[in-house]
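Several structures are given next for inspection.
Common to both upcoming complexes is chain A, partnered first by chain B, then by chain C.
Up next is the complex of A and B:
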């Protein structure tokens, strides 16, 4: 398994308070699998992804287990975490502007870790980045590398961030609302890139979204999260059509459906 | 005469150093009747927000006319009386309430100030009662009255922004992606609330969104915007079920649902863009 969480629990701890965010989560992602994680704001979707990357320090009390590519993340030392983040997993978030340094050229941002962590020469790194920027559908990649983030649109920047995520050849992608800020046609382009790269590289992906229609259209399996508990797991081909839990049904009812078919 | 009449509205942004100007709003015409909710849909960069901001007086137009309940919306208000009149005619609700609410001021105080400033309350006692009434109308309570914006959830904050817009009893409320940042269940509650307020008060909405499904929940009529121009307008259901313009067709086909294929959407989009760049085809 590329990702396996077993009885993962997380509490935020402060001096006089403990808040339980995740309460015994079990989920997994296999190579080539596109797995959805849906739920309302505050249900613990992003916390699950961040916990899987080992991004919490003393502020969180984590029990249970998360294994990425069979390496335990919970309680791992800095060296192991660095290896996991450098070689096994990549994260794509909603706001690409938050992921890129606004005062550095895009090429410099992307090349940095390939040179410093992966030991590539700068010209090798540049060649890999140009190839990836082309693969994610950016025109004129050499120009893009010399540009700053503010010179690109949100859709273009999200492609840059995806190229950066793929540049270290990860096996698992965590996409946290990666297409939520994009309009429908751009969203489709980004999803098409994800699906193609998944096929070509046999990647696994955990796709976090609040958009049930999108999750229903692309995912192989969907976990429905509510207040830190997986209340239902839905499998292809039925997915939401076979939803039993009342929370899942309520989410589906709340999501507006485009009435594009003429009522008969 | 309609409540809002927009004629030949035009706005060009000059892009420095790019060797070209962007036509954000391209000779746009539309009307909104009293008590009507109209949706404005289009992709990022189509000019939706520019139109919304021009209506609210936050952006100027190059040419055209806007008449809203007898008020010339394009004339820059020079006196405070004029500014007040304008504020009492049209109000705006933004996507991010964190950016539009003063984070240092408790919600109740903010509403009381608005009511006093616009003469909707003549004493502090009246203002307090009025502010409570506004909060009740958006289903908030005494607790939220005393809270500062950061103590509220995203949905509650957006309700406060709606309450403030309603404080001056405007004829038109412009909502710019007002529910886009909310998750589905909160979004459904806010949409229901907006519909209820409209039924009770007869206010008109211009509801700007990139999400057709959301527009369909609230709006009887929709305007489809592409590169600054309205390419189609009509009854929402009619446009959804029998879109005439290729862009409306593309937009509807792109919305995720059963049998959605991103590769197909990308191909359709490319075909469409190619057609758009060949003159005389549309």
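Up next is the complex of A and C:
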């Protein structure tokens, strides 16, 4: 199993307060599997991803277990965490513009980690990046590598970020609202890239979104999260038709749909 | 209505400040030129004593007059420019190195390290800077190098606090998380990503601080803790000229004093504008 969270709980602690964010989450992602994690704002979707990457420090009290590629993340030391992050998992964030260092060229941003963390030579790193940028459908990759993030559009930057995520050949991809900031056309293109790369690399992916219908269209399995609790797990085939929990039903009903006679 | 008026106001304000900006900039260019080639262009030597012209007024031979030893004030001023300007620059470089390191380190680590560093900088804040410097000089002896190092230590907490607040908001940005998730180490992220992103705001602040440090160093020299005779550092010139005031000779103090004031004002005018520009960009 690439990602397995067992009874994952998280509380934010301050001097005189404890706020419980996650209450015993169980979820798993297998290789080649596209798993959705859906829920409203504040339900703990992103917190789950960040906790799985060990991004929280003293401010969070985490119990339970998260294993990535069978390595325990909860309570892992800094060296183990760096190894997991560098070699096993990659994160695609919601805002691609924020996810890139604004003062560095695209090529430098992408090559930096390959050279510094993975010990590649710069020309090897550059070759790999050009290939990846081409693979994610970015035109004229040599030019893009010389440009700064502010010179590219949101859709182009999201492709860059995906290329960056794939550049170290991770086995697990965490996509945190990775397509939410994009327009529908670009969103469809990015999803297609995700699906192709997953097939080619046998990647496992945790797709975090508030868009239940998008998740329903592409995911193999969906966890519905509400206030830090997985209230329902929907499995393909069936998905929404099998939805029993009132919260899931409410979410499905809350989405605006064209009336049937119009749609047909 | 207010929204309609604002742009007009801004344009007007900009035009008036632009004149001051260009005058200040021109003046600073002159000063830097004097600092670079001062000893070559000065009409007299800084230590050339002329007992026939003690405390003489401005004339064709001595443009700004002479001091109590008959030394040419204009030449001393021009030759002293280099020493007067290099001090604050070295001081700021040192203070920035210490301050930025501490500030970024505190912001990155957070927790008890941040708290400890914050308390230390608080103590340094509460303790008067000049008094601290006098204390250091009392222990390590007077001289320009001690003065610069002591002042650098006094200014470091100011820069550390400013850097920390900038770094905190920078660290919260998603690209830092992206770096962490890529397996980059903390030091690498700080040096390669955070510090370069802080540079514009920091530079703007440093330019403004420059005027302040120049004053501080001149003050120390005036008190006799900084530059030592026969140097023609401006603060020292003011102090040496003091004796003449009782006898009605104001030029030996007025000339270097005005030079200090003008440079500080010019640096601040230019600095505020440069800081605005850099901040707007960043």
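We take it that the second predicted complex is superposed on the first by the 257 of 264 C-alpha atoms of A that agree within 3 Å, B and C clash if a C-alpha of one lies under 4 Å from a C-alpha of the other, contacts with A are read in each partner's own complex, and residues count from 1 in each chain.
The rule we apply is simple: contacts are C-beta pairs under 8 Å (C-beta built on N, C-alpha and C of every residue); 3 or more make two chains touch, one makes a residue touch a chain.
Quantities reported herein were computed from a predicted structural model and do not represent experimental measurements.
Contact with chain C, but none with chain B, is seen for A:83 once the two complexes are overlaid on the shared chain.
By the touch criterion defined above, A:95 lies against chain C but remains apart from chain B after alignment on the C-alpha atoms of chain A. Of the two partner chains placed by superposition, only chain B is touched by A:210; chain C is not. Legend: residue contacts after superposition of the two complexes on their common chain; A:40 is shown touching chain B, with no touch to chain C.
By the touch criterion stated above, A:58 is placed in contact with chain C alone, chain B being left untouched. On chain B, the positions that touch chain A within their shared complex are 43-45, 153-154, 182-188, 191, 210-214, 216-217, 237, 240-242, 250-252, 254-260, 262-263, 265-266, 269.
Only residues 40-41, 153-155, 182-189, 191-192, 195, 210-214, 216-218, 250-251, 253-262 of chain A touch chain B when the two sit together in their complex. Within the complex formed with chain C, the chain A residues making contact are 50, 53, 55, 57-58, 82-83, 85-87, 89-91, 93-95, 98-104, 112-113, 116-117, 161, 164, 168.
Chain C makes touch with chain A in their complex at residues 110-111, 173-175, 177-185, 188, 192-193, 196-197.
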